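Across the two complexes that follow, chain A remains constant while its partner is chain B and subsequently chain C.
Take a look at the complex of A and B:
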């Protein structure tokens, strides 16, 4: 290898390692910070671990805050995300199936609309949806989060791609010749074949719902808040960032770190255990093979 | 004859299959859009008011600063994404060791799990020199307190770094996938012809990535104009050092909730929606990446 090639290689390694650190340091720090006392957080080095007793103390501070409201937030998040997930699956899988394997009037329009809406950032519709829901008096009700979450064009796109590429039409036709009705063909032949894409849509829908901030912030304020919104509630009781905060109970920084960790834990765990999945889904977005 | 009947029934049942999705699309895609458009052209009593809501919002003293803030953030973020995502994807693609390559990709991707408020709260810590894991870096830049770090001039960069941290990994994975679709023989032929890593990247790999890069640019441009949770949380944490009318969506929020001006709020939402919608339609109609049929 020439000296230039060596230098190039070294430069590449430096860049790659720098970005590994950039992406990973905040997360490692968060894990460590939640095990420290407020005092240790400031006085000890950022990459030293605390103790289990401090972790327990931080945990206690979090769960006693406003009589354990954090569990209510987590419960809300779980309820909204899972309920929306179910409605999303029930509506998107048959829709993707029909769009892929039959022709009907309005099919092209529906497909194009799905694509267009899929590429719009989901925050763009939040204010319009809020205005609409407040007119019909749904604000504050769980449905005000669940129903908008359930509309998931990306899921329709994924199932559409899947059914039009991975499920052989001949197989469905064979079932028809055997006397299966259209509903039976869908339920007994197509659905079992579609398990991978159903899981994929479920994953993306759950993550999007769990992490959504803007929509529930407007449509289910107060007691109906999911954890993402609750976290910012907690933040307004942290004196260190906000010295004028006059909350009854002050939240210390390590407690906020525990709450932040808790708020991402479900998604983080799903990420860790379904890496292959994710990559498949991300690349399936655009190519039709 | 039998075939005709069965395919007719198949087409008819399609309407049943798509009905749930169509209902949701109407209720949470089409209707809110139409409703917001209507509100933006009427008074609070519902009488037609032409462009009055738009001109009131645009003449508001907070409007143009918000546009500038968002534009500065989007510009920095887009450049960072376009340059760094491409470079990092090419880099990861160069790694010959399989487990190392997939490990690095995964590390880049992990922050994607932290979105919304969680990521911003985590970054509050990172930006506060008293607790930050990179306090040395902050001090080196002359930032000795949280308030100094988040001074107005730094905000576009800070928001860009935050957005890059959560979102870049996903795009790197996408680009990596696209790079993998280049046949091995093509790269091999280039190497035999004496093309180095850089020339291969410039003349073979980059042209193949072009569609994906423009896809990323369009999606990110649209998403960037929606900036909300980052300045919102930072404003709350800093008790107003970051203003609560920093971005356009924050301004729309203030119009709706602080001034009870729903029509003005609708006007801002409609303007932002027009931006996103035109980008999206442009991309879908121009086609290429997404197959419709």
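Take a look at the complex of A and C:
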């Protein structure tokens, strides 16, 4: 190996190590923080481990906060995210398919609208959505989160790209020649071929729903809050963030760390179990034979 | 061969324009749809000083509280099982989150959905909640509450809720600043607790030479201006009328206070960290000789095993400091507030609730963590603290006195004084700049913020 190649390799390693540290250190700190008592968090080094008993104490503090409301928040998040996911898949996959593989009047307009809506930041739509939901009396009800969550133009765009690049029209035509109706072509031929992109849309939609804060903050307040809104409730009871509450409330920083980890866990688990599909989905359509 | 419709689409700007126009008109239509008359006035009664909606004495009331105020709701429900409450917890607007205002503005747009009663941890909410074409907060001194009840609040307690002479809510608790000090250390070192800012500065200088490492104050928190400049009667937050603001960094008292702090900071007797930071505890635990600050430092710092954890009988609160030859004045850091909605359909139930949570012993004396704003409850709360005997000397008398001494020269504008200080002053101060030099920067930042919030600045 030449000295230049060695230098190149060293530089790559240095850059990689730097970025690994940049992203991993906060996560390690968060994991360790959850195992410490509030006092240890302040007095011991940032990367020293705590104890299982402190972790248990933090867990107990979290689950006793307002009679275990954290589980209700998690339940709400799961319900809203999954229900919206189902509606998203039922609507986006056929929409992407139709836009990619059929011709009808207004197709270009629809596609352009999809692209434009994708560019509008979610927060900009929160107020109009709030007003709409308020007009039909849905504020505070589960549908006030589920319906807006289901609106996922990025999913239409992804499936459109996939169907227009990775599913050969000839294959679909062959199915038609064999006597399949349009619905059967979609369900029996196109859908099985689209598994990776369905997984990808599902994952992105779920993560976006799970992490959405501002919309449910306004549309499903109080006991209907999902975990992300609940976390701010917890945050407001940490003395460092709300000193005037100090002395009455049970939430300390390590408890908040446990809550944060708990809020990330479902997304992490889904990612770990669906990694294979996701990677396949991401690369699909990238090349053509 | 598959076509590439996306490119074709991108080549047609006409479609883009149409789509953008459709999206924009949809936004406009939905934004306009909020101006419904629902929940608006029907002129049923004016007995409360505003156009109340038609009243229904059996209607449940929706109450927003933060988690810390949940015990107040529980106590009320136990005492008044016949009043139906829908309770929603929210963050209480803690840390200047603005969630109270954001949500109310959304309901204003929708024309319905307002809560009947709201607790806020911020004491400047009346500034916006009392304004606008459809103000949220109901005036409480125009018929809703009897003046005899309102007179029961500690003098000056309702000032943050008073806009143009009308009171728009009730205060939950008080947060006057006092001169906290460690009596046992003072005795051990042979010092007399200071009563004036001049004595305070002299004490700090002496401590720096005789007992280096000990501190007499902290300037790392965003409420530093309230503790020192409000307490030192510096006119940096003057609100005259609903829309007029002024700040004067060249006032002699503003400059004098900056000089006191600069001197002590140079001597190394002021903590530069936030009192809630790990560094503060690591560096200064056990070495806090004095710490001017709000009354709530009692439970938040001194009587808290996770914070300074003072030994019982060592700490006490001195009366707020004064300038030599003048009357002492207290600053104020927080203190929660309760609001009733003008849109409430059951104002009597809302009134009953507010009366209970602000003045009833079953909450304010038995359960509340902070000094009650209602005078009679405050006396009993202080007596309870005296019985516990954790704080020594004249703690009870001094806290009671401080509560009546909050300087009325500071206003409660629509923006957070604390966030301006944190942005404009704290980083420069930590970087070694002197406070005297930073005063013009602070004044400019305050005036800019005031203008951005619609104030006429002078």
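In the analysis below, the second predicted complex is superposed on the first by the 244 of 289 C-alpha atoms of A that agree within 3 Å, B and C clash if a C-alpha of one lies under 4 Å from a C-alpha of the other, contacts with A are read in each partner's own complex, and residues count from 1 in each chain.
Just so it is clear, a contact is a pair of C-beta atoms (placed from the backbone, for glycine too) under 8 Å apart; a residue touches a chain by one contact, two chains touch by 3 or more.
Please read all numbers here as calculations on a predicted model, not as lab measurements.
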Exercise for review: Following the overlay on chain A, give me a clash-or-fit verdict for chain B and chain C.
Suggested key: clash
**Study point:** First, second, both or neither for A:128, with chain B first and chain C second
**Key:** both
Check your understanding: Looking at the overlay, does A:41 come into contact with chain B only (first), chain C only (second), both, or neither?
Key -> both
Revision key, fill the gap. Of the two partners chain B and chain C, more of chain A gets touched by chain B
Exercise for review: Report for A:235: first if it touches chain B alone, second if chain C alone, otherwise both or neither.
Suggested key: both
Exercise for review: Would you sort A:97 into first (chain B), second (chain C), both or neither based on which partner it touches?
Suggested key: first
Exercise for review: Quick one: classify A:120 as touching chain B (first), chain C (second), both or neither.
Suggested key: both
Review point. Should A:168 be classified as contacting the first partner (chain B), the second (chain C), both, or neither?
Key: second
Review point. Now for A:139: first (chain B), second (chain C), both, or neither, which partner does it touch?
Key: second
Check your understanding: After superposition on the shared chain, which partner residues are touched by A:7: those of chain B (first), chain C (second), both, or neither?
Key -> neither
Exercise for review: Once the structures are superposed on A, label A:252 by its partner contacts, choosing first (chain B), second (chain C), both or neither.
Suggested key: second
Check your understanding: Now that the structures are stacked on chain A, which of 109-117, 145-153, 163-171 or 199-207 shows chain B clashing with chain C?
Key -> 145-153
Point to revise | Shared chain A contacts, counted only where both chain B and chain C touch the same residue | key: 41-42, 99, 107-108, 111-113, 115-117, 120, 125, 127-132, 135, 218, 232, 235-236, 240-245
Exercise for review: Under the touch definition given earlier, write down the residues of chain A that touch chain C in their complex.
Suggested key: 38-39, 41-43, 65-66, 99-100, 107-109, 111-113, 115-117, 120, 125, 127-132, 134-135, 139, 160-161, 164-165, 168-169, 217-218, 221-223, 232-233, 235-237, 239-249, 251-252
Check your understanding: Can you name the residues of chain A that touch chain B in the complex?
Key -> 5, 8, 12, 15-16, 19-20, 22-30, 33, 41-42, 46-47, 87, 90-92, 94-95, 97-99, 102-104, 107-108, 110-117, 119-121, 123-125, 127-132, 135, 147-148, 150-151, 153, 156-157, 176, 182-183, 186, 207, 211-214, 218, 228-229, 231-232, 235-236, 238, 240-245, 253, 256-257, 260, 263-264, 267-268, 270-271, 275, 278-279, 282-283, 285-288
Exercise for review: Provide the residue numbers of chain C that touch chain A in the complex, in ascending order.
Suggested key: 2-6, 8-9, 12, 15-16, 18-20, 22-23, 26-27, 30-31, 33-34, 36, 66-68, 70-71, 87-92, 94-95, 97, 99, 102-103, 106-107, 109-113, 121, 175, 274, 276-278, 281-282, 296, 298-301, 303-306, 333-336, 369-370
Review point. In their complex, what parts of chain B are in touch with chain A?
Key: 6, 9-18, 20-25, 27-29, 31-33, 35-36, 39, 84, 87-88, 91-92, 94-95, 102, 104-118, 121-126, 128, 130-135, 146, 165, 169-170, 173-174, 177-178, 181, 196-198, 212, 215, 218-219, 222-223, 225-226, 228-229, 232-233, 236-239, 249, 252-253, 256, 262, 265-266, 268-269, 272-273, 276-277, 279-281, 283-284, 289-293
